[in-house]
Amino acid sequence: MIESILTISLILFGVAILITFIRIVIGPTFPDRVIAMDVIGVNLISAMAIVSVLFSTRAFYDVILVLGILAFISTISFSKFLERGAIIERKRDI
Amino acid sequence: MNENVTFELIGAILILLGSIISVISAIGIIRFYDIYTRAHAATKTTTLAVLITLVGVFIYVWLGEGYMSVRLMLGIVFVFITAPVSGHLVLRAAYRANVKMADETAEDELRPVLFKESSEKKEQEREDQ
Amino acid sequence: MNNLIVLPMVLPLLTGVFIVFFKSYIQVQRWGTFILLLVNVGISVIILRQIQIDGIISIDFGGWAAPFGILFVADSFAALLVLTTNIVSAICVLYAMPTIGKRRETFYFYPFVNFLVAGVNGSFLTGDIFNLFVTFEVMLLASYALITLGGTRLQLKESLKYIAINVVSSSLFLIAIAYLYGTLGTLNMAHLSMRIAESGQTPLLTVISLLFLIVFSLKSGLLLYQWLPGSYSTPPTAIAALFGALLTKVGIYALFRTFTLLFYHEQQITHTLIAIMAGVTLIGGCIGAIAYNNIRQIVAYNVVIAVGFILVGLAIMNTTAIEGAIYYLVHDMIVKALLFLLAGTMIYLTKSEKLDEMSGLIRNYPSLGWMFFITVLSLTGIPPLSGFIGKVLLGQGAIVAESYILLLLSFMSGFVVLYSLLRIFMSCFWGETIISEEEETPLSKKVIFPSAILVVLTFALGFGAESIAPYVQDAAYTLTNPSVYINAILPD
Amino acid sequence: MAAQFLLNLFIAFLWVLLKDEDFLRFQTLVTGFIIGSFIVFMMRRFFGGRFYLHRLLSLIKLILIFISEIFQSSVVVIKHIIGPKINIEPGIFTYKTILRGDWEVTTLALLLTLTPGSVVMEVNEEGDLFYIHAMDIKRYKGDLERSLKTFEKAIMEVTR
Amino acid sequence: MLTINLAILLPFLAALFILLFLRRFRRFHIGWFVLIIPAILFALLLRQIPNIANGKTLIHQINWIPSFDINFISYLDGLSLVFGLLITGIGTLVVLYSIYYLSTEQSLVHFYIYLLLFMGSMLGVVFSDHLMVLYVFWELTSISSFLLIAYWYQRKGSRYGAKKALHITVLGGFAMLIGFLMLYVVTGTFSIREIIETIHLYKDHSLMTPMIIFILLGAFTKSAQFPFHIWLPDAMEAPTPISAYLHSATMVKAGIYVVARFTPVFGGEALWFWLVSSIGLLTLFWGSFTAIRQTDLKALLAYSTISQLGLIMTLFGIGSLSLHPDIHVESVLYTQAVFAALFHLVNHSTFKGTLFMVIGIIDYQIGTRDLRRLGGLISFMPISFTIAMIGSFSMAGLPPFNGFLSKEMFFTAILHLKDFDFFSIQTFAGIFPVVAWIASVFTFIYSMMIVFQTFFGPYKEQPGVEAKEASFGMLIPPVTLSALVVLIFFFPNILGDYVIKPAVLSVYPGVTNEMIGSISLWHGFNKELLMTIGIIILGIILYIYRTYFKKVYIAFPRNISFDTLYNNALEFTDRLAKGITNFYMTGYLRHYVMYIFLFFIIVLGGSLYYLGAFTFSLNNDQPVHPFVWMIASTIVIAGMTIFFAKTRLTAILVNGYIGFAIAMLFVLFRAPDLALTQLVVETVTTALFLLCFYFLPEWEKTKVVRKVKMTNIVISISVGTIFTLIALSVKSGKLFRSISAYFENADELAGGKNIVNTILGDFRAFDTMLEVIVLFIAGIGVYTLIKYTNNKGVEKLEDK
Amino acid sequence: MKINEVILQSVSKIVVFIILTLALYLFFAGHNAPGGGFIGGLVLASSFVLMLLAFDIETVKKGIPVDFKLVAASGALIVLLSGLGATILGEPFLSQSFAYFDLPFYGEVELTTVTIFETGVALAVVGVVVTIILSISEDV
Amino acid sequence: METVIIIVAGVLVTVATYLLLSKNLIRVILGTAILTHAVHLLLMAMGGFKGESVPIISDKHTTYVDALPQALILTSIVISFAVTAFFLVLAYQVYKRTNTDDLSKLRGYRHE
């Protein structure tokens, strides 16, 4: 029973990702896509957590954390790029 | 043993709840009109979804399997503090990149402040000409 | 312990990394690299001799026996190429010292050269197909860095194509490896050979082998050489010489290795295709060498011709032809480097690349002129210079195999080499001298000396062909008898 | 403050040594820490100043507020999403905070962003003026300002 | 025993000596030093005449590449001795002549080094028994003659002539090499002697025909046989001593030598006979016919040489018939043809040498060789006139000069051709004497032209030139040669018995000394004599009416000669090459990538189809988790999105998404390490893209042409399909289990529980090590790429 | 209006520490759990990236005054030398060895030469990634 | 599952090929990146997805997925990262010097 609940949840996360992905495809603006991407990243975290449970392994807990970190870093990069063009500045004075 | 199954079930239900919320928030991301309102769906609901799910997993493995995962806990904290920052940054960038707000927008106190200098400069130029 | 055979790759790596710490100490970088290469030459000689005594030498890294670990395998073929590589590189480095420019030197020219040499040596020595991919990448990355080093506009434009195409071919290589692994479940080349022999070369394996053929053709410039003339004609001379001498040879080596050790069961398909490709390459190279008035272009197309020529040996696939190809391979590495050095020197002296903008240089630079002339003859296969014996053996092999079209094409290509290079010689060195003694750019001994060594080498290799004959024979024997290789790696 | 913490830690390790188990266990250390904090709490008057874990309690309180806020806000947003028609009037308004210092401001911004219908879009240079995007400015502006006050108070309890 | 090796080696050593020690030597003309070499060698060879005449031969072997059966085997027999004597004898005279001809202001060092190289190579050719070694020297003669022709390399004409000579002779050389290699493959030996002994075993070999053609190509190109003769007139740009030496007496005769040498191998073969004799005859005719047209004395001599070489060639062709099995050994007539050939060879060297030297003298003294500007020199240069007359009359085949004797023998041979009843010779036998006779008339005419147009008629003064006789030293060599021309006529049999006969015997191994007759001055009024008389009469008439006769040449305009064919062919090749190469070498990456993919499609698609390699089964597939479906479908959609992405940012973001999704797949494939690495790398890559986008422009709205788009789509779908089909086949048809079960013992073997990591850190640590290096190279490479160009141009040694 | 990055910077300060800890954890865990030199190095590098994103080059360089090229080179050198180390003992190139020790209080500990190797890998990865990112960023 | 993954890889190869044929430099680089993804999926599929567990040895499991392709992919990921980094930087250097990212205008060696 538990396993089927988990599987359903995983599928639901898949659905969520698919729906969000539509936003990436249709845009219309780039920030929309960034937001969607960020959401997918966060959803992937959940999905991975469920997969860990399903596979009964702890090997993916690191992946969860790393995914969180990287989704964060990518979002920062994209928004900084939008805002300033240069995502890393020599000396901040803006 | 029975107790474990109960906890596992609690965990699983939390996970299911998380996944449902996640689907809803995904719908929100499609349904809202502009980037600014979509961000509301993203930063709040999705965060909630992932938090519930992770807590569910945490409970599942902690109380069900007897393993308290520091990494999971860290993950929860991490999402908690970074999700709003992401929302903030993207919206700021969008606004500064001149992404239009929806027509329904009632008031905007930021525009005059943010684009004051540039509009002044434009006027200056017009006068110079 | 056979740790010796890892040194030709690891020592340059070590040197390369080490001298990064000496960014502004150019002398350390220069002589460190040069001495290392000499040491490598010594090591290669020892290896080569050892092989004659003990047979194929191999080393299992980490002590993990084949087919589970990675290993280096030195047979005569590999060892000969390693030896030549190090000699040629040492000489190119010697040439680079006075010509490449201080700025390039401080910007890691020598480390990159070290890495390039390491990659090339490693590619020759490795006995694992995936590791071959990795050694290729070491070589390629170094070549990317070198080809762009000091980036003039033209250089950058051409390197763009070079890199793009190499990236594609690397991906294709990985795909091929994936297919092969999927089918045979192993990566060790001897083990692969054994398994293919055991199961027979199924149609699917033949298809996969053709993918390998495409990959290595791209690397060696067989038929798919379109990237080559541009990329080899833009970097500074010392680099171009290294490229011209070494890079395509690694692809050629890989073709020889895979199509003698692994995929030799369906020769009427694979080797026929190689034959066609070699033939078209010869024609294309010849046409290109005739087409241009630009020295660098002519020289670059000559590289293409040599590729076709050597692969004729593989296409024919009898011992004599392969002996010829090996001889020619060694010869071509030396003399192509020489050709690039001389052409580069001419361009440096006259500030021009065009034939019609140079004239009568032999008055100004007689030694350069004569060395160029000798190079032309050597590349043409005029006896008794080093190109001769390879050509003779290849011809013999072709006749024995009744491959008359290849025979004619390869011999005609020799003529085009002569035609195209002689045009350079006659147009640039002969004719009225147009540079007065005051305008003359001085040609220092340091610049000419490395070429002189190579000239001596082409004579030595021609007159002293016998000195490497046993190695060549052994190499060809190993290539034509895969069991020798397999038994050395997987004794049971 | 730091002395209290170090002492606590010292007690925790002492506990571990006293237990003298086969190998180091996390649980033992945690137990030691809890015991240590109890001792330090009892003896806090000798050190002067507040008990250092008091802040921890405030922090926990803050986190609870945080969590409740996120639930509330999500419910609001979800209602909008699954409602038949989205009927909102978004807008940007300003809020001047009494909080000072990077951490206080950051915390407030995070809280605010997680609150129903609001996202902090800009902070002025001085760091005391927030530009906030509200999902439905007419309906929630009042609520928002009220919760902002609550947050400010909770944050100051932790930091000051 | 050392004689022959020494003979070959000595000129090379001398050349080296000059190069090393006499480069700055100015004390006296270094020709005097060089003169010693051929003189000594000539003397040495003369001493061998008795030995050789007694049937001895000298063989000597030095190993070169014994592993491949290639060794220096030198061999001296009658045939090589004749050539050796010519090379050294004429060589001596030419060097002597050159001492006066070339002033010390010119670069004598080069001249003599080339000359010595040539001499050594020539000796190498005639003294080598080994095919490969013969070839080595053969090519060296081409090279050294190339250098000699281009001695005045500043002149365009010299360069052109040298280039042409080299092209044609080297091409011929390559052909000959192929022939030699075929011979080796057939007979298993490189030794000419051994080949001659065993060739009868292989007469039916299928390679016989190509072998003959290829070897003859070598011989014909070298000996300037029609239509390869075109290089010889242009080679006259060389200094006259060189023309005298190379282009009349020695190098061009290397081809003759090869034909002679290989007559015992191929003699009796129809192809050999027909090729050698008919090409010879054609050359004989064409050379003499064209010679008349010339106004430059040297060009005239060049064509005359071509013609004479044709004559000799024809004789060798006829002579080869003796080796036909149907010919009885006692029927010695056709050994006579070879006798005549060799005899004429020597004679030609003497009279042509004389003529070249005389013309050199005229050129040197008067400053022109143009017949139209010459005349009446007889009163100023009587000695020159005398020797020129001797040479010309000998060439014309008049008594009492040696040319008469050999020409009579030539007629004898050619007239008897009709006696043969094989190879359908009888059908064509009539043509031979007719053509030969006409050619001889032409020969008579141009010989007369040399004498009469130069020395008779009104004297045409050249500006600034005072006509006078040449210096004594310069006259010695031509006088010596002309003396020989006369002496040989009167005492032909000294030469015949001691030199020519042994040579004939080497061409006909089975023949004995007695079978070969001797030369007699008088045969009675036979056909041959009548032919000669006819030549003289018709020759004189035509010479007198030559202005009318020359109208014939209108039918042979200069612009449809083989010369223009050669030039146009080169030019056409150049243009064609440029056209073809520019067509596909566009420099446009898209095209190059397209070539790769098209080749991929053709080769892999083709083989997949024709070999029937495609198989498919789902038997071994794991069930697909629904989540995998979803991730997979987003990847596919993402791929499509990149297709249509309007901005680069979207493309990058979607690419990043694919990376993340693949990481997710890695999780589902139970590959945590991969997922981790993939995630970080993907993020850093995306960051890199964004960093670089600062410098890069936004995508332009590309108006891709429909056709281009369709091509791209077809190619990419084909590539994708083939890739997939092969992968599916591989998946369905695994042949072996993977070796990786071994790694599951990682804990015991290497003390690690993470198998992937253990592979990376231990089993395949070498890959990892190199991977680190790759990364490192990229790191400093990027650093260099950016920093190098950042602050530009401190030093630009090679930058343009 | 100037951008006030206070939110990003404050949060990043915390996040960086989390990443650093994680990086070290992954590095050491690699032998028996997911992780290892590469991943450890990569995660470590991403913490630098985050710092660079949140702050700026000068600030980060002041905080960590290291030439990352040389870090990379040291890493590569360690990798190579650890391979050569075995050859001095007469073992094949790149031979690794491992042993278990009992430490008081700590329990059984596995010591392996792979760790040296992996340290080199990690250093090289960090060095290279940061070098690349810094070089491009400084070009702006 | 192998079949699905192979088909996904095939789609990626198609996309990559299309991008590689483009005349825009960034598209080409993207093409190489996507090609790399496809290759990794292929390698994974070639190893097969049989086997029970994550390739980390534990007492609970006895069979593990094929770890070798994973190690190979890891190597390849790092290498392609190195190459992509270099390629990208080269691309922008070219743009800085030539002011175009249109490959049809970046033909390089002048043809005579």
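Each chain carries a letter (A, B, C, D, E, F and G) given by its place in the written order, and its residues are counted from 1.
One rule holds in what follows: a residue touches a chain if its C-beta (ideal position, glycine included) is under 8 Å from a C-beta of that chain, and two chains touch if they have at least 3 such contacts.
Fair warning: this is a prediction, and the values are worked out from it, not measured in the lab.
> Enumerate, in label order, the chains that touch chain A and chain B alike.
Per touch definition, common to chain A and chain B: F.
> So, comparing C-alpha centroids, which chain is the farthest one from chain C?
D
> Does C-F or A-F have more contacting C-beta pairs?
Comparing C-F with A-F, the pair joined by more C-beta contacts is A-F.
> For chain E, which other chain has the most distant CA centre?
Of all the other chains, the one whose centre lies farthest from chain E is D.
> Please identify the chain lying most centrally, where each chain is represented by the average of its Cα atoms.
C
> Between chain D and chain E, what is the separation of their C-alpha centroids in Å?
Chain centroid spacing, chain D to chain E, equals 90 Å.
> How far is the middle of chain B from the middle of chain C, if each middle is the mean of its Cα atoms, in Å?
Centres of chain B and chain C (C-alpha means) sit 57 Å apart.
> Just the number, please: Cα centre separation of chain C and chain E in whole Å.
Going by mean C-alpha positions, chain C sits 26 Å from chain E.
> Find the geometric centre of each of chain C and chain D from their Cα atoms only, then give the gap between the two centres in Å, rounded to an integer.
Distance between chain centres, rounded to whole Å: 66 Å.
> What residues in chain F touch two or more of the other chains?
Those would be 1-3, 7-8, 11, 15, 18, 22, 26, 32-35, 38, 43, 46, 49, 53, 69, 73, 76, 80, 83, 93-94, 96, 125, 128, 132-133, 135-138, 140.
> Give the residues of chain G that touch two or more other chains, as numbers and ranges in rising order.
As it turns out, chain G has residues touching two or more other chains at 20, 25, 28, 38, 42, 45-47, 53-54, 56, 68, 74-75, 78-79, 82-83, 85-86, 89-91, 93, 97, 103, 106-109, 112.
> Would you please write down the residue numbers of chain D that are in contact with two or more other chains?
Residues 109-110, 120, 122.
> Dump the list of chain pairs that touch, please.
Pairs of chains that touch one another: A-B, A-E, A-F, A-G, B-D, B-F, C-E, C-F, C-G, D-F, E-F, E-G, F-G.
> For a test of understanding, state which residues of chain G touch chain A in their complex under the given definition.
53-54, 56, 60
> In the complex of these two chains, what residues of chain B are touching chain A?
Within the complex, chain B contacts chain A at residues 5, 8-9, 11-13, 15-16, 18-20, 22-23, 25-27, 29-30, 35, 38-39, 42, 46-47, 49-50, 53-54, 57, 60-61, 67, 69, 71-72, 74-75, 78-79, 82-83, 85-87, 89-94, 96-97, 99.
> Applying the document's contact rule, which stretches of chain E touch chain F when the two form their complex?
Touching chain F from chain E are residues 672-673, 676-677, 680-681, 683-684, 687-688, 691-692, 694-695, 750-754, 757-758, 760-762, 765-766, 768-769, 772-773, 775-776, 778-780, 782-783, 786-787, 790.
> Please output the residues of chain F touching chain E within their complex, sorted ascending.
It is residues 26, 30-39, 42-43, 45-46, 49, 53, 69, 72-73, 75-76, 79-80, 83, 93-94, 96, 98, 100, 110, 112, 114, 117-118, 120-121, 124-125, 127-129, 131-133, 135-140 of chain F that touch chain E.
> Write out the stretch or stretches of chain G touching chain E in their complex.
The contact residues of chain G facing chain E are 1-28, 30, 33-34, 37-38, 40-42, 44-51, 53-58, 63-68, 70-71, 73-75, 77-79, 81-86, 88-93, 95-97, 101-104, 106-109, 111-112.
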